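Pasting the structures here.
In what follows, chain A forms one complex with chain B and a second complex with chain C.
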Partner chain A sequence: MTMPATTTNVLRIHPEKCTGCLRCELACSYMQTGAFHPAKSVIRVSPFEGHTSYAPYTCTQCAEGWCMTACPVGAITINAAGAKDVLDDTCVGCKLCTIACPYGTMFYDPDTRKAFKCNLCGGAPACAEACPTAAITYEATATADWLGEFARERTARVLVGAR
Partner chain B sequence: MTPATVQAPSKKKTPSGARELPGAYTGKLLRVDLTKKKCWAESWGPDDMRELIGGVGLGAMILYRETATRGGKGNVSWDHPDNRLILATGPMAGLPAWGSSGLTVVTIGAGTNGPTSTQANGFFGTNLKYSGYDAIVVQGQSRDWVYLYINDDVVQLRDAKFLVGKDTWQTQDALHEATGLAGHQLSVYSIGPAGESLVRFAAIQGDYGHVASKNGCGAVMGRKKLKAVAIVRGTKSLRAADARGLVQAADDIGFDLRTDPSAKSLYEYGTLPGVVNLSRLGALPIKNYTTNVPSIDMSQWEAPKLREGFDHRGHQCSACGMHHCHMSVIRKGDHKGSIVDEPEYEGWSGAGWAIGAVSDVDGVAWLNTELDKACLDVNEFGWICGWVMECQEKGYITEAQLGFRLTWGDIKGAARLIQMISRRQGFGDLLAEGVKRAAEKLGSPAKDCAIYTERGAAPRGHDHRARWDEMLDTCTSGTGTLESGVPVHPTEVGQPARINTFDGEAVAKFIAGIRGRRNFEDSLGMCIFTTRTRLENLCRALNAATGWDVTVPETVRFGRRTAAILRVVSLRSGHTPDLERPSTRYGSTPVDGPAKGQAVGEQWEKMVDTWYREVGYDRKTGKPLPATLKALGLDWLARDLWGKKA
Partner chain C sequence: MAARHLIIGGGTAGMNAIRTIREEEGERSEIVLVSAERPYSRMVLPYYLDRSIAESHVFTATPRVLADWGVKAQVGRRATALDTKANVCTLDDGTTVEYDDCLIATGSSAVKAPVDGADGRGVHSFWTLDEARAVLAEIGPGSHVVMVGAGFIAFTILNSILALGATLTIVEVAPRILPRMIDDAGAKLVEDWLTKHGVRIRTGVKLTGIEDAKGRKRLRFAAGGDILCDVVIMATGIKTNLEWLKGSGVTVNRGVVVDDHLRSSVRNVYAAGDIAEGRDLITGEPAVHAIEPTAQEHGRVAGANMAGKDVGYRGSLIVNIVEVCHLDVASFGAWDDAKAEAASGVKPDRPAYRKLLWRGDRLTGAIILGPSSDIWTTNDVGMLKGLVQSGVSLARFKAHLKRNPFDVKPAFIASKTTSALLPETILGRPSKAPGNTPVAV
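The block that comes next holds the complex of A and B.
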């Protein structure tokens, strides 16, 4: 997957540095909900190669903006940090955006009955701040497929006892 | 020894349930009765939280209240249905301080048949707290093998037939498959064949490589026929009283761990540097304490080299920034391609140096994980395997008795011994009883080569003949393992920064002086390594999480209170003061190396006398003195223990 270059800051994932501690989920959920609530984090950590490798993934703020396109009420906008953001007052909770997103990074909250997603914390992403190994950085760089090669490498080899 | 006379405190609940809970707690304990096949949530209130905090503080009180017999004069044995298996977290579990997913197992252990507090990490605490529980308290015994499944409010005892016979990693694999959950979405703590066979030093292992290893807690789980506890990463939330303050305190702790000389090497390499560092002090146990002079060039054991030898990947516990826990892939040799948990110092020691395996690091790393899979305590395995090796060399255990020849450094033979012990096959049945019982059964001269405490506990993986503080602590402890050591910033609690480690009196004063901190840390739900910061920082984090105003002196007082309660449970279990001594070999004098000639045996009695005086316990009966208990705010315990004399 190739993304067009961008000059805005993006969340860059360095999967080889991730140790699977999930501190990003705690920080994210605190920013999103005001409580430590990883079930409502919009960054998630995937395990690879059995239980030996991990990598975080979240909204890439893709140029296509599939969620925006799909939203029938125009509830998804672009905020000052350049992130696609859900306007709670407008969102009707139809979940079309969660179906449209090809990356699985649009979420639906059954408590508020609204969609929610990464909004880059308005320009100071808590996950990047919280990551103790700098596996998530916030920097001006072109968006890219951060995980593809890593996932391929970490799932291709057959390890004794790996599942 | 007069047995301690104690009575359980009033069961009347403190009427505090209606008040608002402190931050960080869920407010519920999950009770599980395996005999009745019932699970229920029990509320606990702010007063109990402040008094007991969590972890060992909570567990000690539950043991005290619920395992007494004969009107408080005795205690249930480890294999009795009324024994409690407490799997506790603490207030910090699930929050963003580093390494804050702690599991503290508190029970009457199979090794000493007395109280135990032993810790592991991984994701147990996080998953449990986000499911809505602060701790699990298991009682009763199941007739059939079951596992406990927790998914928020869905708590079930499920049939575990399909898991029986599986090792701990296979058990976790099978449960991930059965639930369709991957990675940390499901935390699993289980027992392997050793726990099923009631091996007296069986451990509880979880999340691929984290082990609550001490005092046969895995045998307790086996006796209850509880194969595993599987906890889905819950969907509930935790609130901190001052979230910003908590993050600030957590960051300060992280800074300390990265930069403070007492923690920096742990931050970079975990416990790996221990091998070389301890060898320089004569505290690396080599070949069952028969020597303290390494026979090889130690540069290959330097931490960076040790780690570079493997394809290693970070495998940290919840929210942790330490470069400590790793999974490794073995690059060469018989086990090329195998995934192993990177051994801690204790693994290199127990599965390596103690049994004379000093060159084949790949083999030691593999053997260490085999022990985790079987769920055997790596320390006690090291002492028992090394003992068998020495006894075979000296002809005290014959080839016919054991069934094969086991020589120093024989990894394959050691792996065979793991199978024999964990399935109680042949001579393994005797060895499964632990070092002390096996040695006593064979008698001298074999017995004189065995390393254990007279209570039946296994020392940690050091040569304590060069670390007298840990020997004294291990022998007098109420937790079945170290209770006060290892010291961290001792000046913060009024102790000297350094002492002469071969001056028995100074050692005893020191270990009594730092008493309390460890039990406080083990109540927080944090890792022993991420609490290697100043107590002041831990207080700030705890206070921000809960909304309390805990001070440094209060932490020590709390820890000493917990120690006193555990001591009483220990006395109820028949642990008389005459058992507070090392075995012949454990308390012997090193014949070579840096600690050559330093005779702990010559100073032992004086050391113990001093320790008793300093902690304020009665030397004759072992009981905490009334004045000591009252000073700790334990007037009720003084009355239980001493009656009208208090």
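The block that comes next holds the complex of A and C.
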């Protein structure tokens, strides 16, 4: 059952509050895999402006769910929190979801040969809880492009130099 | 008014159409499915071949699920003729099915190279479940398998053959491997990588015949020595299953020509998937894209329109990804557009190669190769797809990507690609999960 859009919580990113401490990545990997292993985190802190500013990037839980509609075996479903979630037992590891997701927020574990992604921790996202500056909040709001404007200003300066 | 829908072909496109009709319709309609094979996903066959899943895992709907969906299924039956004036389809047992609208989703079949011995024992195509079963029965540890053809489909089963403990030789008539998926530089890298992993590759060789040789198979070539092996897999191409449409009045070119609603030249006849010739998202030209995502999107759009909705389709994007010996190989869109502006980069220390192609300041195609353990490769595959799909103007970030094609993320985020993509859905509404009507069994 899909929940009415207004009651669905999403991860809202406030990039200007991010200090780059990477606690979200640790918390995420611990919640998702049981190990503190940022390489297995599905939220990724990216540096901007020559590592003077940072922002976490993760799945927006988009309306199309490109990963979900692409999966040939129906291994991606919508969980109780409204997040697109990979069912490990069903996933065959074909990677079609990784190329279908136009946001680059699908992951693949070569050890288990399964795809994985942000599933909002089933409704209590560890990243939001772990963030000391509330740069990640879990709110009932429409999903959005949280980083575009922030990145446009900062990246522009790095890439072409301030003019 | 509840309609009588006829779905011909129960593969990816057909099953997506059926699910979408059930999702979209106001009033329960009648759905008849005529399919030569049980509904399954062909692209899952490689995982059946390497025994990582049971055979039952490949099916996209069991008879029980079809019954739950209220589908009258005629499985094992072939459509042999379509009378679009009388709205009647004839089946191979002589019976007929009347319809109000119908979907042609008969996909494609494998074609073997036309050489002597191609139909002999131990020489297989790998396109259907039956063919997969036959191949699986013959390969074991120590078998020597020769793959004829080095295209995408051959590569999807390469890992599986090695996982079964077989040794593999690939022979290809073109001067290089993956001629329709990646460029020369990429192909060279993949070829070196596979050779390093024990796969023997012979390119530019013409197979002339296959003979029995004391229980084994002998392959002869126009030039160069013979090859002795146990099993031959012919991955030498596919053709669309169009023959049965002769005399139907439906306009056929390379496939069934469809408009942006997936309608053929006959108003109540739709076509979807490998069989359909629809709009290519990047070029805007009609094209046959024999890939799973196109079959899914075509099937869903056709299904919605058959259920009475008015859903236009923007066109399909060619995307391919395959992993061989822990190397990811992917390409998108107009990756071989000779008129495009291109920039490429390699990492000297590992097997990583990228090529980006532009028209103006929009990315129109890409090739990406990298170790499958490399998270950035996986994420960048998606982001490059997003840049090509959305066609966002990269403006000043184009120069950055040209200098460093390995640093996609800042350009992706700062170009506000996410803003461009978020409103986009195929059916004009949020997708439904496979959920209560699971596609997997």
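By definition in this document, the second predicted complex is superposed on the first by the 149 of 163 C-alpha atoms of A that agree within 3 Å, B and C clash if a C-alpha of one lies under 4 Å from a C-alpha of the other, contacts with A are read in each partner's own complex, and residues count from 1 in each chain.
FYI, a contact is a pair of C-beta atoms (placed from the backbone, for glycine too) under 8 Å apart; a residue touches a chain by one contact, two chains touch by 3 or more.
If you're wondering where the values come from, they're calculated on a predicted model, not measured in any experiment.
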| item | value |
| --- | --- |
| A:Arg152 touches, of chain B and chain C: first, second, both or neither? | second |
| Chain B versus chain C as contact partner of A:Thr143, first or second or both or neither | second |
| Partner contacting more residues of chain A (chain B vs chain C) | C |
| Which superposed partner A:Ala83 touches (first chain B, second chain C, both, neither) | neither |
| Partner chain in contact with A:Tyr103 - chain B first, chain C second, else both or neither | second |
| Partner chain(s) touched by A:Cys127 [first = chain B, second = chain C, both, neither] | neither |
| Which superposed partner A:Ser46 touches (first chain B, second chain C, both, neither) | both |
| Residues of chain A that lie at the interface with chain B and also at the interface with chain C | 39, 46, 158-160 |
| Complex contact set, residues of chain C against chain A | 12, 41, 43-44, 46-47, 52-53, 57, 60, 292-293, 296-297, 300, 319-321, 323, 326, 328, 330, 332, 372-373, 375, 378-383, 385-386, 389-390, 396-397, 399-400, 408-419, 421-422, 424-426, 429-435, 438-440 |
| Residues of chain B defined as touching chain A within the complex | 94-96, 98, 123, 126, 130, 169, 173, 176, 182-184, 208, 233-240, 243, 247, 254, 313-321, 325, 327, 329, 335-339 |
| Residues of chain A that touch chain C when the two form their complex | 1-2, 5, 39, 44, 46, 48, 57, 60, 62-65, 68-78, 84, 90, 92-96, 98-108, 110, 113, 143-145, 147-149, 151-152, 154-156, 158-160 |
| Chain A residues within the chain B interface of the complex | 17-23, 26-27, 29-30, 33-40, 45-47, 50-54, 130, 132-133, 158-163 |
